[in-house]
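One chain, subunit A, links the two complexes that follow: it is found with subunit B in the first and with subunit C in the second.
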Partner chain A sequence: MSFNLEHVGKLAKFVLTEEEIKKFDGQIKEILELIEILPDVPQNGENRVNINQRCGLREDIETSSISIDEVLSNAPQKKAGCFVAPSLR
Partner chain B sequence: MKEIIYKGSEPSLEYDVVIGLEVHVELSTKTKMYCGCKNIFGGRVNSNCCEICLGMPGTLPTVNKKAVEYAIKAGLAFDCTINKKTSFARKNYFYPDLPKSYQISQANFPLCVGGFVEILLDEGRKTKKISLRQIHMEEDAGKLIHDESLGLTLVDYNRAGVPLIEIVSMPELSSAQEVKAYLETIRNTLMCLGVSDCRMQEGSMRCDVNVSLKPKGSEILGTRCEIKNVGSFNGAVKAVECEINRQKDVLNAGGQIKQITMRWDESKNDNVIMREKESAVDYRYFEEPDLPILEIDEAEIEKIKKTIPELPNAKLARLMKDYGIVYADANLLVSNLDKCEMFESVAKLEKCAPNKVANWLLGDVSRILNEKNIELKDSKLNVRNFSEMLELIEEGKISNTAGKTVLEEIMENDITPLEVIEKNGLVQINDEEALKAIAAEVLSTNPQISELYDKGKTNILGFAVGQCMKLSKGQGNPVIFQKIVADLIKRG
Partner chain C sequence: MKLNELAATKLMELLRNKECSALEIIEDTFREIERKEPEIEAFITLTKETAFENAKRIDEKIASGSELGSLAGIPIAVKDNICTKGVRTTAASKILENFVPTYNATVVEKLNAADAIMVGKANLDEFAMGSSCETSAFKKTKNPHNIEYVPGGSSGGSAAAVAANESVLALGSDTGGSVRLPASFCGVVGLRPTYGAISRYGLLPLASSFDQVGPLGRTVADVELLFNVISGRDPKDSTTVNFKTKNNSDFDVKNLKVGVPEEYFGNFIDEEVKKSVLKMIEFFKKSGAQIKKVNVPHMEYMLPIYSVVLTIEAASNLARYDGMCFGLRAKEFKDLEQMYANTREEGFGDEVKRRIILGTFLSSSESGSAYMQRAIAAKNELLKAHDELFKLCDILITPTGPTQAFRLGEICDPMKMYAMDLCTLAPSILGFPAIAVPCGKGQNNLPIGAQLIGQRYCEQLLFEAGKFFERNYL
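Let's turn to the complex of A and B:
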């Protein structure tokens, strides 16, 4: 499986040092090797995605939202009821 | 078709313009796409959010049945094939407007494929079919509010998870005017279906535009540039015009078009570069593991098909044919369902010619609505009082000018046209002797009217009639005034 840590880091907006790239590259490759065997696991004749399983649809009925305080409870920084992100302009 | 980089070496080279559009439309369901939070515009920031639309770990999405129904309805209206098995996919990108870091969209198996949007051009004399690649379902992202002074971006997730359909066209549009007609047809159709309010000013309809140029007649497409998130019809037209001109200039100067992404800046009246696209953005699509494949019954599709009303293009043609109104009026009427319904109901009563009904509705009624910034349904105008007013004008009981006063009143208050006339003394004066006296007074106080008329400026009659109407407080019959004034001047 081809994998480019720098590219993935860029997509996740991570700034990685040379050392970190070297360190994480090895770690992630190990993880990937672990899951690479999955396609070869015997499936006992069953599809990986059971296409007979119907997608349950939800009626268009309102359920209660959570309070603004709860919404923001994990926010590292908040202002005027909003999450604060670094300037994007 | 392959893409190729052209070097525009001949300044006189003529180009074909190739435009493709992705139109995002918010569906007017009561709740969001994958959770039961309210889907409404406005309201307190972050007040319509829950663990699901905030992307908390361990939560699972469930698909809104109504949203699927609306998307199928849109697909059927545009003659798409509805896929009986459709699946959702994760579109990954890391940005603060997206709490899950991915958007649940559709990729390999979209709900609707193929189909077309038929646009009317040249005042309805020409039509063009724009093929669609697909219509798929997805969810909207949150709203970013940029605070320049603090150098911060604030995030409101009320919009995150609102159901969207994305209508993807083939690159078959070839001018800014076609883009406008295409967007109008989509808006009118979706509004007619009742699946979206398509309020561009509220962001419920937005589009991404791809523009490229190729030498006239060439089969190979040029490099395309994308303008993202255009939020108004006029913005789309101007953005396309600017981009066509920019690319022409680059090519005519012997340059190459680089693939870039821009956004339309209303204040600068120009497109602004967002980022250079060295390679396609890597969205790493994969099948959404949290949602099984969605199966659609043929019976369900048939049921939805039966709910599709007469569509705007058919309606427009019928209005022109049945009522003899012009294209411009018919086009304005089909873009507003309430006005269209009012027009047909009143025109059918045959109190006056249908074009007069259209003129009043699209003229003074629309002006008053605009001034008050309200919709027709928010005013007190109804089929009964509107047709009564038109009948009074048609019978010569009130003048057009008095009609305007009546209209203002009946749109604002619970009062009948007759009551307005009585209250304001607006009954039209048709008595020739009474009108002659008024006309004579106007001519004696404005001697220049006769002088100018004698010098051949016959259009001064219009001014004279206007003065007569003013003096009669709008009650005189302008047709009779016209005749009397002309007679009086000629007699000297």
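Let's turn to the complex of A and C:
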């Protein structure tokens, strides 16, 4: 296991400051050490989460929803009934 | 005695007998809020105007003889990670500072249908990540018993509001102990229900397989009353169940088998806390209950399991806060990637970032180990062990927190803060109900709470045992 904070920070979509890197690195490694006491298990899928175990899905029936205005009411930027986002390069 | 100091059950009686009005209850409550809030800081947002309108509406219902809801006129604080239509819901995070939900959480719909009166949105640790209420981006709530101390977390605002009589009831949420620990620190009652007993629809998610909404009040009967209103199957939350708590109307303490797990009374528990909880156990013994010393195997797995599952689920759940459709968007960025990163860097506090980073790593292929599978395997072992344990006893009694409330700013090391949850993790991981009940006071007049843990769907037994204790001990 190799933990590289700057790399994982990027995966998690953060731009970490020098100060944060200094602070988080040791703290996260300490938690990783603690987790290592969990016993290894065969990776045969036996211990995967079974989502069907406790889910009771409702009937797939169309119900009322919220309006476009409501959907957009918390948008940081909107135009002509759409969210505005920076363009992809 | 002012009306806001009474129990919800008593207020319901007075209201129905027309010995007080809903308006009088709300007037007394807001008088207390205005007096104490500058010091306690339990609320992020107050909803005074709508509270008064609702009180008048309920009084009109009473005057016209209309049927009243089962929480009519009762003031309630709602944790600010529970969506309230038209009322700002921040999760105590800068990233949601101006977020106004367009819908109500199912629990809020149920409160409205029961004629409860929301007085405001209560402070919490940012996104419910914390055990002291200090990671809130907006304010630090104080413990009403001594304002130099924390109220506990993450539902610190909810517990403090109830303890300070700024509300009669409150809703919190409990992922790893976030209802029970603040209840214990503030000397009130708080329930974590069986997983699936209460809808999570509209609760801003932290770790979906652990999160549960939980009721708080000053008496066990009040918590029971609120639980009965908000529990039940919800088509909007597929993990909810048709909940029927096992009836214990014929509760007799002499038939109660109390398990005392040795592992919860080790060196990590403060002596005064230990003494108080053991006195409670002694009380049950003298009252005729059977006391059994039991063992919980692999307590050392609790925090690792919790850390793995919580951070992986949190990293996934909090990916939605990207500045795109709602919440904060950074002002400066050159492109899409930078908008995501700058928004999240500006919007989240340290604790949230730490957990997202850890969860991202643990769920990445680069971590080189199947952490989630290891955590689930260990959880299954613990589940088997606890099922065996509950063949020997009906409830377990343990401390709720390893210590009493600590001073504001006293714990800065994240590992020490996580250790505050050691006693509350098992019910969270295993989906069992647990109730925190005040059982005494220690140094500096600070409350101590005991935790009663039951089998799944045995909330009623916890209520009965808790009420028996309150009636005969306190």
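The rule is simple: the second predicted complex is superposed on the first by the 50 of 89 C-alpha atoms of A that agree within 3 Å, B and C clash if a C-alpha of one lies under 4 Å from a C-alpha of the other, contacts with A are read in each partner's own complex, and residues count from 1 in each chain.
Just so we're on the same page, a residue touches a chain if its C-beta (ideal position, glycine included) is under 8 Å from a C-beta of that chain, and two chains touch if they have at least 3 such contacts.
All values reported here derive from a predicted model rather than from experimental measurement.
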Please work out whether A:F83 is in contact with subunit B alone, subunit C alone, both, or neither, and reply first, second, both or neither. both
Which partner does A:R58 reach: the first (subunit B), the second (subunit C), both, or neither? both
Please work out whether A:Q27 is in contact with subunit B alone, subunit C alone, both, or neither, and reply first, second, both or neither. second
For A:I66 in the superposed arrangement: first (subunit B), second (subunit C), both or neither? both
Subunit A residues touched by each partner, larger count belonging to subunit B or subunit C: C
Applying the touch criterion given at the start, work out whether A:A12 contacts subunit B, subunit C, both or neither, answering first, second, both or neither. both
Touch check for A:F3: first (subunit B), second (subunit C), both, or neither? second
For A:D40 in the superposed arrangement: first (subunit B), second (subunit C), both or neither? second
Kindly list the residues of subunit A that each of subunit B and subunit C touches, one partner per complex. 11-13, 49, 54-58, 66, 71, 83, 85-89
Subunit C touches which residues of subunit A in the complex? 1-3, 5, 8-16, 20, 23-24, 27-28, 30-32, 34-41, 43, 46-49, 54-58, 66, 70-71, 73-77, 83, 85-89
In their complex, what parts of subunit A are in touch with subunit B? 7, 11-13, 49-51, 53-66, 68, 71-72, 79-89
Listed in rising order, the residues of subunit C that touch subunit A in the complex are 98-100, 102-103, 196, 209, 233, 235-236, 238-241, 300-301, 303-305, 307-308, 315, 319, 322-329, 333, 335-342, 344-345, 350, 353-354, 356-358, 360-362, 364, 366-378, 380, 414-415, 418
Okay, in this complex, where on subunit B does subunit A touch? 29-31, 35-38, 44-51, 54, 62-68, 85, 92-94, 96, 144-148, 151-157, 282, 284, 287, 291-295
